Amino acid sequence: MNNSLPPNKEHIDSEMVKMEVNLDDISGELLGYVMDLLFEAGANDVYYTPIYMKKNRPAVQLQLLCSEQKVGTMKEILFKETTTLGVRYYPLSVHRLERRFTKVETKWGPVTVKVGMLEQNAVQKAPEFDECKKIAQQHDVPLKTVYEEVWKTMESST
Amino acid sequence: MNNSLPPNKEHIDSEMVKMEVNLDDISGELLGYVMDLLFEAGANDVYYTPIYMKKNRPAVQLQLLCSEQKVGTMKEILFKETTTLGVRYYPLSVHRLERRFTKVETKWGPVTVKVGMLEQNAVQKAPEFDECKKIAQQHDVPLKTVYEEVWKTMESST
Amino acid sequence: MNNSLPPNKEHIDSEMVKMEVNLDDISGELLGYVMDLLFEAGANDVYYTPIYMKKNRPAVQLQLLCSEQKVGTMKEILFKETTTLGVRYYPLSVHRLERRFTKVETKWGPVTVKVGMLEQNAVQKAPEFDECKKIAQQHDVPLKTVYEEVWKTMESST
Amino acid sequence: MNNSLPPNKEHIDSEMVKMEVNLDDISGELLGYVMDLLFEAGANDVYYTPIYMKKNRPAVQLQLLCSEQKVGTMKEILFKETTTLGVRYYPLSVHRLERRFTKVETKWGPVTVKVGMLEQNAVQKAPEFDECKKIAQQHDVPLKTVYEEVWKTMESST
Amino acid sequence: MNNSLPPNKEHIDSEMVKMEVNLDDISGELLGYVMDLLFEAGANDVYYTPIYMKKNRPAVQLQLLCSEQKVGTMKEILFKETTTLGVRYYPLSVHRLERRFTKVETKWGPVTVKVGMLEQNAVQKAPEFDECKKIAQQHDVPLKTVYEEVWKTMESST
Amino acid sequence: MNNSLPPNKEHIDSEMVKMEVNLDDISGELLGYVMDLLFEAGANDVYYTPIYMKKNRPAVQLQLLCSEQKVGTMKEILFKETTTLGVRYYPLSVHRLERRFTKVETKWGPVTVKVGMLEQNAVQKAPEFDECKKIAQQHDVPLKTVYEEVWKTMESST
């Protein structure tokens, strides 16, 4: 690996919030769209969990993580785009690793690898999904083969 | 245990059908109601499984079991009450135990116990849920305590 | 729409609590009953999430929302009616919309619609499930058709 | 509603196949991509179900529906793009409604509505998701508001 | 029941923490192993919930409960053994019952029963799983039969 | 890679059966044990899916795959060890890849890699989990690091 990009220091963020809504009166079709809106508006993460509610209703819990500054924006989207009459939330802390980015040269071209640093040690290495996907499509190879190639190349050069 | 009721012989039923629909454009609220309709119309079982469909949609798979004779009835309910444009189904076999019913005398009164017989051996004993629930409510005791009492009484007398 | 009932102001409730128990040694049969008890005792919401616990155990997480005043009552039900040896909980805030109720006249009679107001704007409109269900049963029409009719009538008159 | 497009007759298709693979050694990241490939190659539906496998492994079941003619194509994608060593499958029948398409004129322009016909009766009406989504984005209105408007307009004109 | 062992008083523990990570780029195979490591390192509980993340990814949420003192240890395992770049956590309270242990004499030998005491009342009785399992294996009887026998014996003697 | 072991030819097995039972009256604790028994008795796979059944019951579907010869054995375990009164099943076909086994030499010693062959092409390569786990434990390295090392070594030598 070569070519380090500017780091993003390891830290504990104590100004994060988790928001939740339980939804039993909206279709999955609309929820797929709401996820996109929440990400575009700055949510750090958005995900769905299957739940069972009263009266035999299969339902969905929408959860999202955002900074305190985004609470108002997120609430507005949830109230306008879903069917909920209430949004609940609570604060939490997030310990984030320093993130570094390096490039790996594969036979199909360069791929960025995100490296997670815990107290100066590289504990995570994640090839960028979108770049691997583009290679898989352009070169008509299985995506898992692209990942395998990145692992091989990354390791040999470290 | 005393008081055997007429048996229901152990057998293999080869005329059962499983039906399935995937639903991403209906709410859980409506699905809770549909389950009741299908049972009332004679489904042997109806249940929901959480699934994930395309375009990030959290969705629900409705599955039901019914006899071949009920296929038309079930399809009609599914088409009228859900949003599906297609219903899929396939045959399956069901090996059913002989069912016997006995009575157990608890301190709160009698409770029916359903007994499953595999080649003449009692392999299952299930206190009837609705009777236990009624006792729990009438006598203001935890439902699990009612079950425990039934187990104790049933075993002592066998 | 006509006929507004008294409002229930938009507010942030900071005295709510979420309680959780993980359950791998109780049957679903008992859990269906426990949900009813918790609602009757004043829980704002109760729901189940499928989880996987140690030793290959498919299990269930029971979660409920209640006001701080109800914490003792909820704990008592959980300890008496489930098999848990511990109940965990934490505070959270809930932003609730103002709720107004209006009546819509359908060809089968009136249906109440709950309207959620965000800063004086109607962002949610939810026909009352139990009223729609009653119409569906009395008039032998699909429940989704009742909803469609309510939407049509509601919109035309607004 | 006006403007009927050519119908697609109600029928029972007895040449459909369901395929399944259980996956505990691949990441969700790759599976999101595999779903797209299977749809592009002609699967009628593809969906994921959460399952629990041996050794405490949270895992995923991939299921797909395709015509008998597509079995070879689907298998090849599954073997090349996932980590499975086996693909299982079985035949099933699908009862499909006749599909008609009509146009509804909303204040933001026309929207196609797919109509499902059961023995000449319209039992399903589904506004096209992608058209509604485009309107929501272009006119900056909630997607659920677009659907409500389509329902209102559709019903008034029928 | 006889033979009480030293009690473990009912109390509210306000120094517990819940940690969470969402994982879409790791296999279930690795996660089965991570659960064991977290328990060995002192987690009070560890469990997996199926979630759906962006880009159609079926994923897993790992949650764990631990004391404040264990936060550093748990984070280190999560960062080293999973693929996450961030770990989130928040404090919670746990109301724990007093735990007593008694012995029940079955026809296959003694079995420990854990008893949960709520304000001096026995509200939970749980036969120890590992002891029942050992009996089932050694005596070649169904595990459910061992539990039934323990219930019967326990109740008769109380 | 070197050291090929005897192959296991690619083939379609048309004598497989899937069995299913829905369980709402048994605990997860017992189900964890039942999975082990079914594998020991020769099931090809056993897995659990979360389902929702009538009366608000969170429940579990047990599914297993076995050869036709094993149907009787599996049924007997299901009837004796679970609480079901019926077992349903249907035939399916499984297309299995040829399996080859090779050895990879890592710095911690050899690891077996299972290779899946589709028409003479290696489409799957899976390091043996149990061997990787043993190395992780003995050398106190993260399990994911062992996998990465196997990938690197495997690729360099092929």
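Should a chain be cited, it is by its letter among A, B, C, D, E and F, assigned in written order, with residues numbered from 1 in that chain.
Please note the rule applied: contacts are C-beta pairs under 8 Å (C-beta built on N, C-alpha and C of every residue); 3 or more make two chains touch, one makes a residue touch a chain.
This structure is a prediction, so every number in the text was calculated from the model and none was measured.
J.: Touching chain A and chain C alike: which chains?
T.: Touching chain A as well as chain C, we find B, D, E, F.
J.: Give me the set of chains touching chain B intersected with the set touching chain F.
T.: Chains touching both chain B and chain F: A, C, D, E.
J.: Among D-E, A-C or B-F, which chain pair copies the contacts of C-F, with over half of them the same by residue number?
T.: D-E
J.: Greatest Cα-centroid separation from chain B: which chain?
T.: The chain lying farthest from chain B is A.
J.: Determine, using the mean of C-alpha atoms as each chain's centre, which chain is farthest from chain C.
T.: Looking at centroid distances, F is the chain farthest away.
J.: Could you give the separation in Å between the centres of chain A and chain F, each centre being the mean of its C-alpha atoms?
T.: 29
J.: Compute the distance, rounded to whole Å, between the mean C-alpha positions of chain A and chain B.
T.: The computed centroid separation for chain A versus chain B comes out at 40 Å.
J.: If you look at chain D, which of its residues touch at least two other chains?
T.: Touching at least two other chains: 25-26, 29, 35, 48-50, 52-56, 58-59, 80, 83, 90, 123, 129, 142.
J.: Residue numbers of chain B touching chain F in their complex, please.
T.: Touching chain F from chain B are residues 16, 18, 35, 39, 45-50, 65, 90-97, 99, 114, 116, 118, 123-124, 126, 129.
J.: Quick check: in the complex, which residue numbers of chain B touch chain C?
T.: Interface residues on the chain B side: 26, 29-30, 33-34, 50, 80-83, 129, 133, 136, 142-144, 147.
J.: Which of the residues in chain E come into contact with chain B in the complex?
T.: Going through chain E, the ones touching chain B are 50, 52, 54-56, 58, 123, 125, 142, 148-149, 151-152, 155-156.
J.: Tell me, which parts of chain C touch chain F in their complex?
T.: 23-29, 31-32, 35-36, 48, 50, 53, 55-60
J.: Touching residues of chain C toward chain E in the complex: what are they?
T.: Chain C residues touching chain E: 22, 25, 49-55, 59, 61, 75-76, 79-80, 83-90.
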